[in-house]
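Take a look at the structure below.
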Amino acid sequence: MKKKLLITLFVLIMTAVLSVAVLAGCTDDDSDGNGAKVINIVVPDGSPAIALAKLINDNSAPEGYTVNYSVVAGATQITTAIANKTADIAIAPTNIGATIYNKTGAVKLYATVVQGALYMVGKEYLAGDTVQEKLASLKGQTVFNIGQGGTPDLTFKYILDHYGIAYQATDVEDESYVALRYVTDGSELLPMLKQGTAKYGILGEPAVSRANANTGTSTVFDIQELWKDVTGAQTAGFPQASVFVTTELLNGEHAALLSWLSAGLKDNAAWAESNPATVSEVLASKGSTSLNGLTSGMIEACNLDYVSAVDAKQAVNTYLSALYGFAANTVGGKMPDDAFYYAG
Amino acid sequence: MIIKALNKSYGDLKIFEDFSVEFEEMKTTAVMGASGVGKSTLLNAIAGLTDYTGEIIKEGDISVVFSEPALLKNLSVVKNLEYAVSHAYPNKKIPEEKLNEVLEAVELADRRDALPYELSTGMAQRVALARGFLYPSRYIVMDEAFRGLDTALKFRLKRYFLNLLSMNPRTVIMITHDLDEALSLSDRVMVLSSRPVRIALDISLSSDKSTRLPSDPEYMNAASEYMRFIEASI
Amino acid sequence: MRAEAEKLKKFFIKNAWMANIVYPLIGVGVILLIWVIGAAAVGMEMILPTPSRAFEEFFKLLKESEFWLAVGNTLARTILSFVLGFLAAAVTATLSAFVKPAGRIIAPIITVLRSVPTMSIILIAVIALRSTQAPVLVTFLIVYPLLHSSFERALENVDPYAVNMSKVFGVPIYKRVFKLYIPAVLPDVFAASKSNVSLALKVMIASEVLAQTFDSMGVNMQISRIYLDTAQLMGWTLAAIIMSFALEGAVSLLKRFTVRWK
């Protein structure tokens, strides 16, 4: 009896130790065969990925570096990649970067690259002349958004709050509030708009252009514009996604790499808008699944402006404090301090 | 009971074709025959557990004693009897003296509240026997009711059966593989042959079952007639 | 033989506390041990928090009204879907077992339902239904065919001798139902219910994420996930595990209740 118990325990503990060993056994290699330093850049699929298109297409790396790119499904993979040091540079939603910074201090914000690609599309135009009146006309209607509690949701709620318009997450429409409903992904909303089960929806580019082209909707609000109105004029508008660089690369020894990175990102917007087909192609080759058939218009609507951390600081702060106001965990429990912003 | 022109087949396999037989009232008939000959099909047809064409003329209800006790696990001995039988009595209640009489005949009066798992195989089969006789039927059909019991148990069960039968006379049709069982309990032994089923051997026994012994000449003659038949048919 | 059995019985009665408490505790201990070692090896709360952090977050959640709202909604939907699945399965399994043609019609439907990928049910349901209804439909469609098959098997396993005996003796139908069939299938019905009720909760939470059902455990878990609040996600997970235990416990309690009834 005792013996059996001991054997069982032994087997269980060995299983535990082995499984942990396997988990922890994934080692990383920092240099390739030629002694060049390997830099891995990861980006989530969607509009932030477009910010990397030119760098991927040029496929040039500064002397002494080998650069790999990968497009991954979402922010969770980015976090994992940074945590286990398989990513050195990442483009991520700005608040996710702040969370990683607050929890690990492993990365800093290097620049913002997507200044918001969120739009509200609708099957009907909104009544009213002012933003206030138009938003108020949504009472009694349902607005669909991507991901309850996600940044597009919180941003829209922030705007509604500012104009004093009541809203509620509910299936029941009522004249006294705007009903909010959610889908997990923009692609889910398109058939609903087409069928008419959804009348208004907030989407990110390039889903916005697809909706307008295929489902009979038109853009009724540019969320970025609303954001600017609400928060006051901002140099960098609505800093949705940013470039984050691990602190090891920011110690002054990798200036050549950083200036190459800045240059590539700065030139990206103009290049991408004039080469949409190439953008789709190179991103698909790195693992993107949602960016085929891009057009100049779609890319332009993504607001891919490069703003360095120093210049973007105020806008980022405004954005993050708006999110923080909803829930502290959206930015990692606290507002990031000054060291979050790379000073150059 | 009269069976007229019974037809029954499974797919292309004809088990009964134009089979007729008459079971004498208030007598016990043992039905024998090789495995698979159609004895159980005959029982199922008589008991109404399978469909058939032809005619089975009955003058009353049937009760069955299966080769398994077929007791409800969650009910006591008495509750099992009530479950199967009480609806056939006035006021849906088995008269107490009737119940006691039958339970005493199978020596289970002291186990009336026992649950099936508390009974031995022999006891469980005795409950099944009691149930068959307690049901106010005209016919009792027994399907290898003493199968799988050891010699001593079989001996006792046979005694219970004869005891019950003398108290509650019935027409009994008894399916069995056991020659001794057939010869010691019945008034007529019928051996069936197959494809289609026919009566191949028909032996009548006239002596009193309750006092009949294997050493009686009638028993011995019948046994040797049966053995000759088996030898001839190999 | 008898003495042997008596000895064994005594051993188990004397050691019941050991079998019922100590061994399960060792099992839980092993899970916690793997968790602690794993968390230490990963060394990052965002990826795998320690058990103590998860419990801390769990107790923090207990104080929030949103937590109870989400738990209440998810629980109510799970029970609703399960009860609907149970009733539908009871009806169709009975039909299948007793009416041969009905059984032939139902069988392929069940096979199809069992093999349809959960994901396509979810995606279609999400488009067609409200976010509070879609997870109920999805959970129903997952649980129902499993319950149906279990119930049907339970009915088929009812002692055929007892069934035939009841027919020959002309036992009235209501007596057969309440004395023969129900007591015979109850153990299997409860066993199937117990394993399916916790499955229902899991499916419910997953489809709440995909249907974006507001004020639900699923969406709260997803929000924790997108903000990398893994400790809180683990807190929600603990809540889900406890709910699973509670649901299975409720089934066991019902079982005790009905055992007395029969």
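Letters A, B and C name the chains as they come in the text, with residue numbers starting at 1 for each one.
Note that in this section a residue touches a chain if its C-beta (ideal position, glycine included) is under 8 Å from a C-beta of that chain, and two chains touch if they have at least 3 such contacts.
Please read these numbers as outputs of a predicted model, since none were measured by experiment.
*Asks:* Starting at chain A, find the fewest moves between touching chains needed to arrive at chain B.
*Replies:* When the steps are counted carefully, the minimum from chain A to chain B is 2.
*Asks:* Central chain, going by Cα centroids?
*Replies:* C
*Asks:* What chain pair shows the greatest number of contacts?
*Replies:* A-C
*Asks:* What whole-Å value do you get for the distance between chain A and chain B if each is reduced to the mean of its CA atoms?
*Replies:* Distance between chain centres: 82 Å.
*Asks:* Any idea how many Å lie between the Cα centroids of chain A and chain C?
*Replies:* It comes to 37 Å between the two C-alpha centres.
*Asks:* Can you compute the centre-to-centre distance for chain B and chain C, using the mean CA position of each chain? Integer Å is fine.
*Replies:* Taking the mean C-alpha position of each chain, the two centres sit 48 Å apart.
*Asks:* Along chain A, where are the residues that touch chain C in the complex?
*Replies:* 9, 12-13, 15-17, 19-20, 23-24, 75-76, 79-80, 83-84, 95-96, 99-100, 103-104, 147-150, 169-171, 180-184, 188, 191-192, 195, 197, 327, 329-330, 332
*Asks:* Within the complex, which stretch of chain C touches chain A?
*Replies:* 26, 30, 33-34, 37-38, 41-42, 44-47, 123, 126-128, 130-132, 209-210, 212, 214-215, 219, 222-229, 232
*Asks:* How about chain B: which of its residues touch chain C in the complex?
*Replies:* 47-49, 61-64, 66, 68-75, 83-85, 87-88, 131, 135
*Asks:* Inside the complex, what are the residues of chain C that reach chain B?
*Replies:* These residues of chain C touch chain B: 159, 161-162, 164-172, 175, 179-180, 183-184, 262.
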